[in-house]
Amino acid sequence: MKEKLSNLSNRINAFIESNKKIVYPVLAILILGLPYVGSSQYILRIIIMIGVYSMLSLSLGLVTGYAGQVSLGHAAFYAIGAYVSALVSISFNLNFFITAPIAAFIAGICGLLLGLPTLRLSGTYLAITTLGFCEVVRMVLLNWESVTRGPLGISRIPKPSFLGIELTISNFGLYYLMVAFLALTTLAVVAIVRSKMGRALMAIREDELAATMMGVKTTYYKVAAFVISAFFSGLAGAFYAHMIRFIDPNTFTFDTSIMILSIVILGGMGTIGGMFLGSALLVSFPEVLRFLQEYRFVVYGAVLVVMMRYRPQGILGGQKKTPYKLPKGGG
Amino acid sequence: MVLQQLSNGLTLGMVYALIAVGYSLVFGILRLVNFSHGSVYAFGAHMAMLFVSMQFGIIPAFILSIVLTGILGIAIDKMALAPLRAKKSKGIAALITTIGISYIIQNVLMITFGSQTKFFPKLFDFGSIYIGGVAFNTTQICISGVSLMLLLILSCVIRYTKVGLAMRAVEQNQKAANLMGIDVNFVVTFTFFLGGASAAIAGTLISGYYQIVYPNMGFVAGLKAFSAAVLGGIGVLYGSIFGGLVVGISESFAAAYLGGSYRDAVAFLILIIVLLIKPTGLFGKKGITKV
Amino acid sequence: MAFLEVKGITKLFGGLTAVDKVSLQVEKGEIVSIIGPNGAGKTTLFNMLTGVYTLSEGEIIFEGKIIHNRTPQEIVQAGLARTFQNIRLFAEMRVIENVLVGMHINTHYTFLDLLFRTKKFRSVESEKHRTAVEILESIGLKDKMHNYATNLPYGDQRRLEIARAISTNAKILLLDEPAAGMNPQESEELLRFIRGLRDKGYTIILIEHDMNVVMNISDRIYVIDHGKKIAEGLPAEIANNKKVIEAYLGRSE
Amino acid sequence: MRKLVGLILILMMVLTSFAGCQSSSKIKIAVAGPLTGDFAEYGTGFKNAVELMVEEWNKKGGVLGKQVEVVVFDDKNNGEEAATIAEKIVADKDIKAVIGHFASGVCMAASPKYQEAGLVEMSPSASHPDYTKEGEFIFRNNTVINVEAKVAVDLATKTLGKKKVGILSVKTDWGTKTAEITKTLVKDAGGEVVAHQEVVDGTIDFSPNITKLNSAGAEVVIVAAMYNSLAPFATQYKAVNPKIELVGFSNAYSQQLIDLAKGSAENIHFPTIFFHGSADPKVAEFVKAYKDKYGSSPSSLTAQAYDSAGMILQAIKNAGKADRTAIKDELYKMNYPGVTGATKFENKIGDAVKTFTMVKVQNGKFVEVK
């Protein structure tokens, strides 16, 4: 089974590599045209959620997949992004396209806060610290009632509006907004991965001491990975808050962090495509396999156990057969 | 009032110490944080409740739950963790596996026993004794007593028995121990059994004290017990007792003076501060980086 | 003042003195070997030179600048790169990527450059890739550049480690038992390669056990035993130095 | 980048193959709540109650001559699920109204969709003050906090005649709001709030809070929490101070409280709008029908779900057509004599106005307080 899977993914890559000129435009048309395929709003909403979780898994993938630092608390940045954007837009009634970057920025700063312990910790200790951080963030959201209205949560968050038009699922506005944010995240992550920073992060994952001996400032890059990943998780949080229009401390729990981690692992650590595949599978499976409703979290747990045992590199992860892409003039 | 809060904190601390022991045992031997320990503790409590509801006496139910949960501990190792060790997979693989296992156990409990909070008979309840105006409920005293006794037994097993020596050897260096003829697999299995058994004892005692059992009781308690284990120096048994008491007392004082909603946050803050300042905890030893 | 000046450096682990007041000098373009029985403190010495351990005592001066107790990053920036006794490559990364990580400290573009794929980014990247391919070619690994480091045979992995050290364009290469585990034919090839490096102007410090490698490549040899320097000099002198023989073959009581 | 492309292609094919919703001319009532996860017991209660009510109507010929069908949705008490379910419910033209969502937060995640599409959402349990502000289509057949709190305070200060009042509240939207209102009402009733302890939902160890309340000299403690907190709190408090009196709220009024707290539940007083042993034949009939069909006795929230279904079916009958907007208008005109007392909605706000009865626990059973 294992060989078939990796052969399949390699044949797909080969196909895409060979006629890149056709594949990307076709894909763009398909994505942009999707809502008009007449599928119901219910399915469109699932696709949007797949997009949101792709953004979250891409950002967690940077920290866990590429830099090898396990973070169990990524829902914290998701929550911070959502709360900041909601609160700023309500109290100063600013447009979504101003509050979302602010929210992502503040989430990034919190990423810095959480990134600092990486100076001293790694592996299990770091994972548990991120978990503790996420619970502390939830406690703050629950108890800082003067600002976050505590358990009452924030209701009637304004819909995002672009040039005066309110973006909703029915007018496909939210779908295209998600596609824009997702494209932004993907391009940024791909740019980082295909550069000296990406190589430095992978070196840290492979052998942190050897990377240090090669002059890589490992702490700087680990913290940078946390900050960037927190930024995009915050962005996803801002988008989600204005889509669902009501958030409270129970919206962002440890379960969310574990769902994002399962996506990264199922899809393939250290891959980009894996994040989309993982999100598509784990977001849509409870809808498609109705009878598994009750066992949803048992399945998430099983995904983690089975993947770690049989295919730790995930569906798309692991060594690629295609040659390393040399930049133009670099050959 | 302060004395009463202290007594509350002591009981709570003993409870966390009892769970923390399970973390320290497994970490000591395998350098692995067994994230599923919290749900194993919940499993133990549910087993005891099941046997009590099947008209077994308290003590038979207690023993049956200990044995069954011990076997669960072994099953976790054999089915999920041992293959990873055999494959020499990366450290985070085992950590993520234990997270997966804790999800499976917790949700299977939820499905089989239903999500309601269920009744659990009071253990060792002979009313309360008043010493200097502070109410000491006999259950509290018995829990602390049983916990201390269990921790002493465990320490003696590890210090004075043959298998204890084997455990300490495996803890220092698995390869060397293996070369010396110690059946490492048996030691690991025995450690997981002890971990599971101590979790069952903790689960039953705590359910007996609060008289309720519910599927995700293991999550928060497990995390607090972990911070107790880390505070005391993970891998060091008596460290867990000390860590448990500190977490328990600071939690009850936080609840009393800062308000109930801050008690969980305090336990997590302690965990983060300890990890930042001295990850090896109060009694842990500092490792040397070997190139 | 020598190219690399090591004055009386000591390292204590608890009560144990791993390295005890060792001094040595290395001139530019020289090949110096450090030999000694197992556990003599040779690798600890390397760790002190490259910043993995801080010194308990003593000084290390390279090109007139103090480099002891500096971070490993600062030391490799100053021009002192190393390989490891047991290979520490970036296993799940390609051969060429391993070399590119070596060139990390000399790849200069900002975060914004890489984010927006500016011209500067593209030109620096392709230039670094060209240099990387040249280095791989010089060490005979060019055709294996797409492989993953972990899939390479043992000999190739050793050479990739050296290539990675070179790619930091260090001035001194510290090679920790490069010939370990190599058959005579491979170690002969390695010797030729190391001499080639010396001719290109690199200074090399070698830890090695294989006596015929040490004897015919080293300009000078230092002998370490129980953390102390017990002898130094030309290969011929060391070959019949009584103390050295005793250290290796043990005293005849 | 190359892998991403292949995968998106496959994913698109998979998803668009979903079965679209087919439509036929039937009258459907949706019920949505947590059927799995932590609050499964409450969602199941809603489902049972609505199915029971619809069964009774169908036996009498359904409504407008058509049999009514119940469509059940499990939202796992999660806002995201609820919003997705709302999309599905709104898209199915046959669904005329939805009874549900359990927790306020979950309801409010779905309300915008229901309001936007013009479909009546009636929650038998939402208590968040802003819930019905979403719009005219958003109803709740649940006790309004300040009315219920007034009754609870009367129980503590008048019926039990205690002056020193302690408050324990769980940190949820309902708990916080109820505690706030209870404090002012206690002062108005001449009592004194000696201490207010807040706990996180799911807490089981109350010893620090009990010590605080007890040393503050509380004679009665008003507990704004569900049965899973009230029961252990009662057990632990009575172990320290057996003479303490406790007053709960209607959402903790269920058989599980007695099963869990056993002896410690003795003499706990409640305001409730649904009482098992009520003399009213409708209530007795409902309790018997529910017990026969499901084997356990209904809680007050289940009863409210039962009445909600009744009100909606009655609205369809009054309107003469199964039209979503007509149902909404009829609800505002209705005064529905249900098992949870007379319920009506005033001036376009979906909050139900209820009449309360006082109940207490006496040797293991709920008894009405005269």
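As written, the chains take the letters A, B, C and D, and residue 1 is the first residue of each chain.
Just so it is clear, contacts are C-beta pairs under 8 Å (C-beta built on N, C-alpha and C of every residue); 3 or more make two chains touch, one makes a residue touch a chain.
Since the structure is predicted, the reported quantities are computational estimates derived from the model, not experimental observations.
Centrality annotation: A (chain centre taken as mean Cα position, compared with the mean over all protein Cα atoms). Inter-chain contacts peak for the pair A-D, counting C-beta pairs in contact. Per-chain CA centroids place subunit C at a distance of 72 Å from subunit D. Per-chain Cα centroids separate subunit B from subunit D by 37 Å.
If you average the Cα atoms of subunit B and of subunit C, the two centres end up 47 Å apart.
Under the contact definition stated at the top, the residues of subunit C that touch 2 or more other chains are 52, 84. Of all residues in subunit B, those that touch two or more other chains are 111, 259, 261, 264, 289, 291.
Of all residues in subunit D, those that touch two or more other chains are 36, 171, 200. Residues 1, 4-5, 8, 11-12, 110-111, 114-119, 128, 135, 137, 210-212, 214, 216-217, 220, 252-253, 255-256, 259-261, 263-264 of subunit B are the ones that touch subunit D when the two sit in their complex.
Residues of subunit B that touch subunit A in their complex: 32-33, 80, 83-84, 89-97, 99-104, 106-108, 111, 219, 223, 226-227, 230, 259, 261-262, 264-265, 268-269, 271-272, 275-276, 279, 289, 291.
Contacts from subunit A toward subunit B in the complex involve residues 64, 68, 70, 72, 117, 120-121, 123-125, 127-129, 131-133, 135-136, 139-140, 142-143, 209, 254, 258, 261, 265, 294-295, 297-298, 300-305, 308-309, 312.
Touching subunit D in their complex are the following residues of subunit A: 9, 12-13, 15-17, 20, 23-24, 27, 30-31, 34, 37, 39-43, 45-47, 49-50, 142-143, 145, 150-153, 155-156, 168-170, 186, 190, 244-248, 250-251, 271-274, 276-277, 280, 284, 287-288, 293-294, 296, 316, 322.
Looking at the complex, you find that subunit A touches subunit C at residues 188, 191-192, 195-197, 199-200, 202-203, 205-207, 209-217, 224, 270, 319, 323-324, 326-331.
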